[in-house]
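Chain naming follows the written order as A, B, C and D, and within any one chain the residues start at number 1.
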Amino acid sequence: MKKLINNPEVVVEEMMQGIVLAYPQYVRKLDCGNVLVRKDAPCVDKVALVSGGGSGHEPAHGGYVGKGMLDAAVAGAVFTSPTPDQVYEAIKAVAGDKGVLLIIKNYTGDVMNFEMAKEMAEMEGIRVESVVVNDDVAVENSTWTTGRRGIAGTVFVHKIAGAAAEAGEDLDKVKEVAEKVIANVRSMGMALTPCIVPAAGKPNFTLGENEMEIGMGIHGEPGTHREELKPADDITTHLMSKILEDMNLSHGDEVAVMVNGLGATPLMELFIVNRKVHELLNESGVKVYKTFVGEFMTSMEMAGCSVSLLKLDDELKALLDAPSDTPGFKVL
Amino acid sequence: MKKLINNPEVVVEEMMQGIVLAYPQYVRKLDCGNVLVRKDAPCVDKVALVSGGGSGHEPAHGGYVGKGMLDAAVAGAVFTSPTPDQVYEAIKAVAGDKGVLLIIKNYTGDVMNFEMAKEMAEMEGIRVESVVVNDDVAVENSTWTTGRRGIAGTVFVHKIAGAAAEAGEDLDKVKEVAEKVIANVRSMGMALTPCIVPAAGKPNFTLGENEMEIGMGIHGEPGTHREELKPADDITTHLMSKILEDMNLSHGDEVAVMVNGLGATPLMELFIVNRKVHELLNESGVKVYKTFVGEFMTSMEMAGCSVSLLKLDDELKALLDAPSDTPGFKVL
Amino acid sequence: MSLKVRDVAALIEKIGDVIEENKEFLTELDAAIGDGDHGLNMNKGFKVVKDKMNSTNIKDIGELFKLVGLTLIATVGGASGPLYGTAFMKGGMAVAGKTEVDMNDFIKIMDEAIKGIKMRGKAEAGDKTMIDALEPAFNALKEGVLKELPAVDILKNAREAALNGVNYTKEIAARKGRASYLGERSIGHQDAGATSSFLMIDAIYEFVKDNTKC
Amino acid sequence: MSLKVRDVAALIEKIGDVIEENKEFLTELDAAIGDGDHGLNMNKGFKVVKDKMNSTNIKDIGELFKLVGLTLIATVGGASGPLYGTAFMKGGMAVAGKTEVDMNDFIKIMDEAIKGIKMRGKAEAGDKTMIDALEPAFNALKEGVLKELPAVDILKNAREAALNGVNYTKEIAARKGRASYLGERSIGHQDAGATSSFLMIDAIYEFVKDNTKC
């Protein structure tokens, strides 16, 4: 395990210290746990947005705390949902007069822990609503199972619901906007290499020198299948075909594109993927309104990428363009 | 070689297409080569900044083209300085009434190719000045040799000289500011794993499972030595001691910190390094004015990091804080 | 069978030991079709449980269960934290105020615990989760009491039933939890949570067997 | 020795072939103490040179050298692009307008080429660069002409001198170019640029030997 760490047991704690030292102008950490809140929290006159999940997805979620995005991010152990008490502390620390919206990725653990925190906060008289992001088309969408996972598309929910909250909208409206994003965002990823949970000390799967995993989850969950490594254009075409199949985009529709690196994949490669994404959208007459290429929702040192498309209307466009100032996502 | 590419021969071209498709609001590409210029170039009433170098360092240098930073970035083949004609085209495309400043990293190839371009442009009557960044303390500073390499500290030169140019300063002043940054910035890096130049198809060095290279260059140039992998705090302490030895910082001085990932190292680890950087600075009574943690000057999929310190005065602070809006570096 | 507060505490400590011994095994099972943290997280939780039990003055078994439940919820995270946490909390409510429990109490505890898990996780038997170990064990317990078998035999049967449940999870596709993302690809792998549930029941059986006086 | 325009073109094509054959070797040498692109970049440049020579109507040898120089400058990049490019440009100026060159012309070409490289790169003999192959070869050429040796023998000596120069680069620390960052650690490795220079001189020797008529 080649990592720049000191002790696998305290990576999350030391990371949190490093974040707070780096960005005192944006965030502070709650004494009671691995919770980052806006420096100026609570912002009493706006809906507060709380998100989080396991660590190892940096800049998610702490990197999205700041003006125009999240009010708090709760960090669990690496790849492990945070516990309800931590989420509860986050809610209490940021709740203003307009209530709190929880943005949860669709993992059993995340959903249960956040819901328990919601119950706890509600007992204190705090109004809390929640939305569950499930953008990953690699997984079958079914009410009989856990359904789809939430992956990089979540960042669009943070950005757009964050803009609505910053604009002073009320909780119902912010939740409605968040759900509109969820209804319109689809993603799919793939991996070239595994990553190592520090406490485990070894990769939780292996891939052959010429193998890749398609439909990879952001915690190293296996995807739809493995196959021989292919050219970037072929891989992108596959991811895009799965995404487009599920989206019902028509000629003239506008989308935002996110090409997300999982951690070890250089920007060079992400741009090569982006090139093909645009080519394919162009072929289907879909207009790209805005593109984001970078690392937004990572899996530590995993190599690979995900592609997300968000179908836009005028409301979503305006909110996407609204300024945001956070360490990990800035819109001027 | 596990890369998301199509064909090693055209990675740079396809990447450039991907960048332009992603960021039409920021950049356009010159028809005559792999040169990105500001969408609104030439900005006639300001000094134009031109930088560049081999590809593989993304977001450097194309990601720093935009308001408040570069006017043009020239991309050579992977890890290979661009040719003079390309730099010359960049100069011609962005030169306004106030002349052009070339920001060159101190590599024989970069220096020679940029200087040849400068000679060509001067023959056309364009006023061109140049500065050479040499922030890497891993290498001995000597007038008998090529001297020190330019690494991640270059991004501070882009940012600060860019702010001076954007503020309307003349060429002499912008050059003076750039040289002030160069005089006050020091960096050092290390690597855990090598990277692969696509056209070569294999790593240009290997490291044992428990080995790291200290003083690593950003093109895979060997550093000062190899040693057994150590905890992040020890590594950071070593890099910092080399940097501080060379800087002559006194109690009460203020610095900007950049913890730069080489490509495959997760943000989590960079924050753990940042934690120690701050601790050490705090111990020596040096105040951190601002911190940047992320990937700024990479070596494709190399794992490792570099630390840069920039000693600040009021002028540099103001310029560092001035807004910049580029794909890779945003200050609001 | 009759267990006092300190017996139950010793039993829970034993469960913690078994989880620790099987930390890597559980993690590997979870890695195959989940995210590879089940053993790590459970172990972290039970370590804190042990510390808390040692440093807290506990009066009754209901309180003890509540302590374990709250601790697991606050330390394990993931899916198993809230699920096992809820199980202990709800189980404890069935024996609130009691300083001694017998086999009938244990059945009540199990009943409430399983109901709690189902309420929290919305899973049923056959979804390839911990329920597939717990529910057969629970049925075996009830059957054993009806047949008036000795406690050790009842627990032995429960243990067998749980183990069969674990093996059954190999044959089915996951419909809940992280493994459900894999669909049919999850077939052939045994569920990590069912395995940790089996290990707990196995620990209970071993504990009672070794302390036959109780 | 007397070479016409088309002979020199054929010779330069042969140099390109030799560079291509040694692409991996040169790259490996560069990887050890540099950045591992020397062979790749030189090969890229000489491939374009070949295309350009085939598609351009070249009247004299000066023009041919200028074409080669400009092409290398515009395609190779790195340190060797401007250096070899300048060498060919300057060398060509020594034979401007000529349609035929002999050994004396070749000496003039080499003289100007080496001066060009020194002007551009500010390196001297002993800095562990291409100069350590080129300068000894140049001296051997001059000596051979003084001794009035046959062209093939002169070139053979130049080749030997270049090879010795390459071997000498193993013994010294780099003071210019990317390897200079390594300081003492560069000792023991042979310089990539000196090696490509040797290969070029070797190619010239082989060419003249195989075409002894000239």
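Throughout what follows, a contact is a pair of C-beta atoms (placed from the backbone, for glycine too) under 8 Å apart; a residue touches a chain by one contact, two chains touch by 3 or more.
Computed from a prediction, not measured in an experiment: that's the story for all the values here.
Trainee: Among all chains, whose Cα centre is located farthest from the one for chain A?
Mentor: The chain farthest from chain A, judged by C-alpha centres, is D.
Trainee: Starting from the mean Cα coordinates of chain B and chain D, work out the distance between those two points in Å.
Mentor: 32
Trainee: So the centre of each chain is just the mean of its C-alpha atoms; given that, what is the distance between chain B and chain C in Å?
Mentor: Here chain B and chain C have centroids separated by 55 Å.
Trainee: With chain centres taken as the means of their Cα atoms, state the distance from chain A to chain B in Å.
Mentor: 29
Trainee: Listing for chain C: what residues touch at least two other chains?
Mentor: none
Trainee: Got the chain A residues that touch at least 2 other chains?
Mentor: Where chain A is concerned, no single residue meets two or more other chains.
Trainee: Draw the chains as dots and join the ones that touch; what shape do you get: line, ring, star, complete or other?
Mentor: Contact map by chain: line.
Trainee: Under the stated touch criterion, can you name all the chain pairs that qualify?
Mentor: Chain-chain contacts present: A-B, A-C, B-D.
Trainee: So in the complex, the part of chain B that touches chain D is made up of which residues?
Mentor: Touching chain D: residues 54, 76-85, 107-109, 112-113, 116, 138-140, 144-146, 149, 197, 199-200, 204-205, 217, 219-222 of chain B.
Trainee: If we count contacts the way the header does, which residues on chain A are in touch with chain B in the complex?
Mentor: Spelled out, the residues of chain A in touch with chain B are 2-7, 11, 14-19, 21-23, 55-56, 58-59, 63, 192-193, 209, 212, 229, 231-233, 235, 257, 259, 263-275, 278, 288, 291-293, 295, 298, 300-301, 303-305, 323, 325, 327, 330, 332.
Trainee: Chain A touches which residues of chain C in the complex?
Mentor: 27, 31, 33-37, 40-41, 44, 73-83, 120-121, 174-178, 180-183, 185
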